[in-house]
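Submitted below is the structure of interest, expressed as structure tokens.
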Amino acid sequence: MMLVWLILIPLLGGLLAWPAARLRAAAARWVSLIAMALDLLVLLLVWLRHAGPIEITGGGRWIAMFDAPWIPQLGISLRLGLDGLSLLLILLTIGLGFVSVVISWTEIGERVGAFHFNLLWTIAGTIGVFLALDLFLFFFAWEIMLVPMYFLIALWGHENRIYAAIKFFLFTQGSGLLMLLAILALVFVHQRTTGTLTFDYFRLLGTRMSPSTEMWIMLGFFIAFIVKLPAVPFHTWLPDAHTEAPTAGSVILAGIMLKTGAYGLLRFVVPLFPLAAIRFAPIAMLLGVIGIIYGALLAFGQNDLKRLVAYSSVSHLGFVLLGVFAWNALALQGAVMQMLAHGVSTGALFIMVGALQERLHTRDMRLMGGLWANMPKLSAIGMFFAIASLGLPGLGNFIGEFLILIGTFRVYPAFAVVGTLGVIAAAAYALILVQRAFHGPPRDAVAAPDLRARHLAVMAALTVAIVYLGVYPQPVFDMASGGLANLQTATHGVLKLAEGDPR
Amino acid sequence: MTTIPLDHVLILPVLLFALGVIGVLVRRNLVFILMSIEIMLNAAGLMFIIAGARWGQPDGQVMFLLVLTLAAAEVSVGLALIIRIRHRLTTLDSDAADLLQG
Amino acid sequence: MNATFYLSAAIAVLSTVLVITRANGVHALLYLVVSLLAVALVFFTLGAPFAAALEVIVYAGAIMVLFVFVVMMMNLGDAAAVREARWMEPKIWVGPSILAILLTAQLAYMLDSNTMSQPHHAIVPARAVGIAMYGPYLLCVELASMLLLAALVGAYRLAHTEHGRL
Amino acid sequence: MSPALRASLPFLVLSAAIVVVMLLIAVRRDHRMIATVTAIGLLASLAAIIAAAPAAPVAVTPMFLVDGFTLFFLALVLVASVAVVLLSHAYLDGTHDGPYDEYYLLLLLATLGAGALLASVQFASFFLALETLSIALIGLIAYPRGRAGAIEAGIKYLLLAGVSSAFLLFGIALIYLDFGTMSFAALGRLWSAAHGPTDIYAYTGFAMLLTGIGFKLSLVPFHMWAPDIYEGAPAPVTGYVAVVSKIGVFALLLRYFVLMDGYHDPSLLRVIALVAILSMLIGNLLALLQDNVKRILAYSSIAHLGYVLVALLAGGVIGIEAASYYLAAYAVTTIGAFGVVAVLSQQGSLHDTDRLDAYRGLMWTRPWLASAFTAFLLSLAGIPPTMGFIAKVYVMTSGVGTLLIWPLAALVIGSVIGLYYYLRIIVVLFSPVRDAEPLPPKAGVSWAGGLTLAVLVVLLIGLGVYPTPVIALAHETTAGLMPHQKTIHTAEILPTR
Amino acid sequence: MIHDLWLVPAFPLLGAAILMISAGRLPSRAVALVGVVPVAVSAIVSAIIGIGFMAAPPSGHAFTEILWRWIAIGGFRPAVGLYLDPLSLVMMLVVTIVGFLILLYSTEFMAGDEGYSRFFAYMNLFVSAMLVLLLASNLLFLYVGWEGVGLCSYLLIGFWYQDAANGLAARKAFIVTRIGDTGLMIGLFVLFTHLGTLDIQPLLHRAASVWPHGSAIASLATALLLIGALGKSAQIPLQTWLPDAMAGPTPVSALIHAATMVTAGVYLIARMHGLYMLAPAIQMTVAAIGAATLFVAAFAALNQHDIKRILAYSTVSQIGYMFLALGVGAWTAAIFHFMAHAFFKALLFLAAGAITMRLEHHEHDIFRMGGLAKKLPVAFWSFLIGSASLAALPLVTAGFYSKEMILSETWAHGGAVPILWAAGLVTAFVTALYIFRAVFIVFFGEAKTPIVGRYGIRIVLPLAVLSVLAVIGGFVETPNGLGGVTIFSRFMGSVFGPAPLAAGATETALLVFASLVSLSGVGLAWLLYMRPAPRFAAWTQTPSVVAWRAFFLSGWGFDVVYDRLVVRPFLYVVRINRHDAIDDVYTGIAEASRGLHRLLKLTQTGRIRWYAGWLAAGSILTIAVAVIR
């Protein structure tokens, strides 16, 4: 039941925040903060007080599990489960949720209640995605998380927000429908072979089907997830959405939502369709590698600071795609680490851009330059995270990228090598960002206050997080290994059959 | 009674129906369009009679009767509308009634 | 009887052609009456005397009279006829004719496809029709009354004005 | 009480309501009273369904069959009608284009027609019920006599419905000519047994029949009338046309198709698949950049009927359940959407409030109304937590089960296009208010209208999150249609030959 | 004390952290204190550890300290651990001591700069990262230091961020070295994939037992590591960043781009020498690259105007010597030269800094200096000592002994192919020539730029100490003919094995010959630049010579070639695709939908007849579809 509260708290918080804003705008903000705090508390309680793992046949060990009927006619139930993987991602979600609320404190002045409603609902949807173990419920949460996000972009975004919001929605919904088709197809195939109609994740694991069927169904899931990830060639919604979203929206979008795509790949695509996934792995990894390079090239070419960061996300998540399909312990741990580190570092970069926009009313780097002279703190922090995003050893992103690449190298050395070249391109765009925004001769027009305490506190927290991930990541690996073991349990038997697979 | 081949009989409703279609499409005057619809309905009624005759059942004639009812109802409402249009738009040109389009 | 059928069928078709080509409303209506009467004859030849009678009384009689009344009331005189004639320029016939020909062709293909078994050649008398109507079709007749009620109310609403004028 | 009488109780109540209303009009013209009586009549009929349910299924003359299928959709139709009545009162009231009373009479007649349609198992009753519905609708559509648009819509509907009826009748006549029966069940046996699929008469007849039905359902390529009529008709009537008339005709089609066992005939499936695909794609494309809310909803309803056709094509218990749920969702959503337009509009004005511009910033001037509208639009777009979402999933479920690849592809593509224009409206609702264009003066939403919308929203979300009751109901009622060997015998007690 | 090894990198890190968190709010005196003291403490701790190590070597002459478990995933268990052996000890001592001196110097040199605190933060961070690089027991941890020093190099090159040119130079440095780093990274993949560990010592043992001599996989791994070393140590073909890196403050050039970071490549190869011995072909490549680089860079140095660029090319060239040594297996010689080079090159840079800081507008062009010997005697003497050591003037300079060791071992190794040795020898001549060219031009002749200010003790002291070291630093290892001291090679023996036996008479001959070559280089410089003959001046103006000089000035045109081959294509691709061509596909789809909408909208004419026509047409269509099959 605690798991349900994890989702319910933000939902209720959202419902409360909206009317609360009629009293005072700050009330909505406090309600959101408290909701996040409660959620964190619940999560910690679930984690610390669980009485030992719950064993699921063929599905691994879980920290907590919840099951209740929902639409029994269709074999749909409210099945939620928490393992190490989802716990980490929910932790990230709540953490960035805090951050989003705090950084919106002054940025969002209009329709504060509605804003926090949408923010919290998005977060609730995301947590739902990370918890759902019923495919229908998963899809439900998947959609629920998109709608408030759409409003966040469309209502509180920047100049071209409508276009961006609609584009975001069309891409994710369109691909979502494909996934829905795939889910239904899987359920039907399962029903045909076993006679039971069910959307239960555990029961659908190991569904037998012909190779071509498996491939088609897998592709449905795969496309939905790589649209979300996003991977080339489905990434083009991302720069627009990121650029136009309000800062908190960008943080949530980049920090958490993109991770749902990766999570989907991890939780569903490979375990449900191991053979097809293995056969498809070279293409998927090729897409990942293309994404790494292509995203980096485009990031380098942008004038808009937010677009640059957005394209860098494409590049970073290319690594995740690479890691997921390498499907060995190293690469998977790397993928998880990359997800977390990207969430933190890119989130911080977006906050930095947001702070700049709040001060300069532009994101165009051609109008910046020399900011260091006026805003040394902001610039230093911005540079720090730019450098984190280029994968400097000792920081989280490096650990992620390195593990992914070294894991990939065992399976497909060529992809690992090309991916490593992407690291060079990452240096190019990260440094050009620093150069164009912070370095160079200061401009007269640029005279604005430096970061204030609230932002500094957020940034300090994120800095600590990213350094921690880089220096002492083992607790994260220990936590994730439980979840990853669950995934690998699911594919273990099948993958053994695939001959000569070096995983 | 008669020994008219059924195939020959069937030609008549088909022709009448087609002529009704032409009438609807060609005429611009609302009254004529209504008339052409009557021709089509009549053709359908004829078809029912033929079908009833083929099977020796009264159902065909009953259906014709019901079609007749429809025709009457339609004509009454239609003509009432036409009168109203005549007064509002002062024309019976069906093409002039394109306020609603796109 | 055969001759009657073919003759009346020919008249029906011919007069229908005239209906859809006449510019003058009253003329067209009269041709339509002719056409309906011819069809009534066809009904008769097909052994449906009851239907034939109704065709004449209700269709050619009541309904067409309604038409004539409205046409007269609207005073569709010569000017209207001239306009009608102008509207029926040759090129306007092209599209509809093609459609009609296609439709006829399809139906002709249908007719050609197999030979229908011959009719029963039995007259279905009014009595049989009546029994059917008040037997299995009873509720349909009731429903028809509702249909007519709807038409009545609709026509009333549309034609009626509070101020005594249209 | 004989089972047949008991089963036909809802219809009898409805007919009685018609008579009562007619008599009342004769006695005293009082808008509020007539509307109340109408609503009570409809609700009484709804209540009668409960009484009728135990008697079902039973054949009421060879023409009608009252079974679970009938009653499920009848309930839907009645609920929708009640909603329309409640929305209509404020819409009509206070304008000078009276009297309003015949409106309710026509509404009841139309509802009776739709109800009869749901029970029809023979062509004669089908056709009569359909025409009762149509003729009554013409009166409703052209009810605001002062509006040029309404009159135009009326004549368009009349003439085009006439043409389509002629096609329909001609098609029925051909089928009758071929088989010698007009009973659906008997046709089902003959279609598969005596006649092979080579019989051109039957196919031509079916195609022409489909023309008539397709017209009523506004399926592509018989769809063109829909936007014009939707735009011209008064908003509550538009909702009625979009919901009641379509549910009635669709249910009929479903029953006909199941009873005649069209699932074994690839030709028929092909025709319907083609129509469905065209409807989903063209309907959505037509709405894409439309600036008139009612027209958008019209085009979107074209597409939605295409979606339900996918469920029809899929067939089986799940297909019928899917179609049932979909139509329920469609009814709630569409009535709601037009309801919003209705509460913003008045019969007395020259147009309904249907320009997209008029909705600019509605969220900030009338947040509740705009929120409701947003919910309805999201439901139309098939986004959770609304009924529209579950409905779409259900339809896709049925389609996936029968591998309807092309219709499903069209469904997905169409849905994505659809998202765009629903979002466009939402964007307008949420955009900042422009001073230049004030909303039409109207004090507020009437309590009846507000209540209706509130109930609809609650249903929309409630049944979107927890759809089990409706699904269970559909499973128990409409799905009984499918194993027709069991239920249909009752319909053949009195063969029409 | 040796267990407190972790303090050595920790202190500078702490200093950096304090300075960063204080965010420039400390007074400059406190900054100087926080900036210098940690490195000083590190140096002291290093020295104590070093003495302890030499006095009582730990078992196996190596000490490993695991600080904490970093990553443990399956068999991949790199730890955060330190490893101390003579090699890393020497490097550590040099880095901390030279680092301390340079930081001390900087407190005065950088005084008044607005980024004073930032400077010391970065420098401390650098020292810390460099120490991590040197002490890491694990290749992945080494990589942390490896990139860390690269980052600090980037930050310090672009220290004066307001000038866009500095930023460009900084980015160039970072990206070019990162190209090398990716090679190293892939090398790590190969090593881990095949050997299952990244801990250096186990890895070397395993490699020696698993991989046969000359195996392809060993060649691959070493080649990849070599790419990393080439980038970091600015060897051909990745040398182009170093001359531009002179954009940073002079102490940065002294510490990072002369004494320590750029020799990381040398350290890496020396550290992994066990692997290289398994791959003779690659080891030969190392030598060849070293020889080519030292030769090329020396000629480039000969034609520079900027005093720091002369020294930069000189650094490239001297590291070439170290690579040459590594390539011929003279591991000890390479490290010996590293040490000597650290002393004299740091000295040279600091002296150069001492010159430029006293000149108006911080003049860097040697042709605008002149006559400074009398005006700046401190700078003059330090520079002269540094130059002498660089030119390897016999007997009295550290550079002489280290270079001698390299040349003799090269001769011994490549007897059959003396081309490597010849390159080294020719370059020794050119080295003497170019550095004394600078000396003569800068310190003699007419004064051209006025002098301002004066030196404080914090400038003079480091110069003095480094001058001493540049002289006596060589006496730890002398050739047979000159005392035959072997302290250094014996100390290193535990790492590299016993030093090769010298060749007696041949060695002495070589010694004399090489000394003469150096001296003649100085002499030629004297002739050309102290007493310039008109004919020489005229010769330098002939077109072909001008062209050659321009060619050498540009560093043999590498930059131009890279610009054409890599940079411009990259920028071109970026520019043409700035708007993301893939997005056009989607906008195309959207546009097509709109077009279809408009087309379909045309059918909605509002005319009854038209609609009825479509009704009929639709019916015809459905009939056709139903009937025709």
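We call the chains A, B, C, D and E, going by the order they appear; numbering starts again at 1 in every chain.
One rule holds for everything that comes next: a contact is a pair of C-beta atoms (placed from the backbone, for glycine too) under 8 Å apart; a residue touches a chain by one contact, two chains touch by 3 or more.
As the structure is a prediction and not an experimental result, all values here were calculated from the model.
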Touching both subunit A and subunit E (chains): D
Most distant chain from subunit B, judged by the mean position of its C-alpha atoms: E
From subunit D, the most remote chain by mean C-alpha position: E
C-E or B-D - the one linked by more C-beta pairs in contact: B-D
Chain ID, smallest distance between chain and overall C-alpha centroids: A
Centroid distance [mean C-alpha coordinates] between subunit E and subunit C, Å: 101
Intercentroid distance (Cα basis), subunit C paired with subunit B, Å: 5
Rounded Å distance, subunit D centre to subunit E centre (Cα mean): 78
Euclidean distance of C-alpha centroids - subunit B vs subunit E, Å: 96
Subunit B: positions in contact with at least two other chains: 10, 17, 20-21, 24-28, 33-34, 45, 50, 52, 54-55, 57, 59-60, 62, 66, 69-70, 73-74, 77, 81-82, 84, 94, 97, 99-102
Junction residues of subunit D, two or more chains touched: 124, 128, 131, 135, 138-139, 142, 145, 154-156, 159, 163, 167, 174, 177, 200, 204, 227-228, 496
Where subunit C touches two or more other chains at once, by residue number: 95-96, 99-100, 103, 106-107, 109-110, 116, 137, 140, 144, 147, 150-151, 154-156, 158
Which chain pairs touch, all of them: A-D, A-E, B-C, B-D, B-E, C-D, C-E, D-E
Parts of subunit B lying in touch with subunit C, wherever the complex brings them together: 1-12, 14-29, 31-32, 34-36, 38-39, 42, 45-46, 49-50, 52-62, 64-66, 68-77, 79-84, 86-87, 92-93
Subunit E contact footprint on subunit A (complex, rising order): 167, 232-233, 235-236, 239, 297-298, 300-302, 329-330, 333, 370, 372-373, 376-377, 380, 387, 392-394, 398-399, 402-403, 405-406, 409-410, 413, 416-417, 420-421, 423-424, 427-428, 431-432, 435, 438-442, 471-474, 477, 481
Complex interface listing, subunit E residues touching subunit A: 20, 23-24, 68-74, 76, 80, 140, 143-144, 146-148, 151, 154, 158, 161-164, 167-168, 170-171, 174-175, 178-179, 181-182, 185-186, 188-190, 192-193, 570, 573-575, 577-578, 580, 582-583, 585-586
Subunit A-touching residues of subunit D, taken from the complex the two chains share: 321, 378, 381, 383-385, 389, 393, 396-397, 400-401, 408, 411-412, 415-416, 419-420, 423-424, 426-427, 430, 466-468, 471-472, 475
Interfacial residue positions of subunit C with respect to subunit B in the complex: 1-2, 5-6, 9, 12-13, 16-17, 19-20, 25, 28-29, 32, 35-36, 39, 42-43, 45-48, 50-51, 54-55, 58-59, 62-63, 66-67, 70-71, 73-74, 76, 80, 84, 87-88, 92-93, 95-97, 99-101, 103-104, 107-108, 111, 115-124, 128-129, 131-133, 137, 140, 144, 147-148, 150-152, 154-156, 158-159, 166
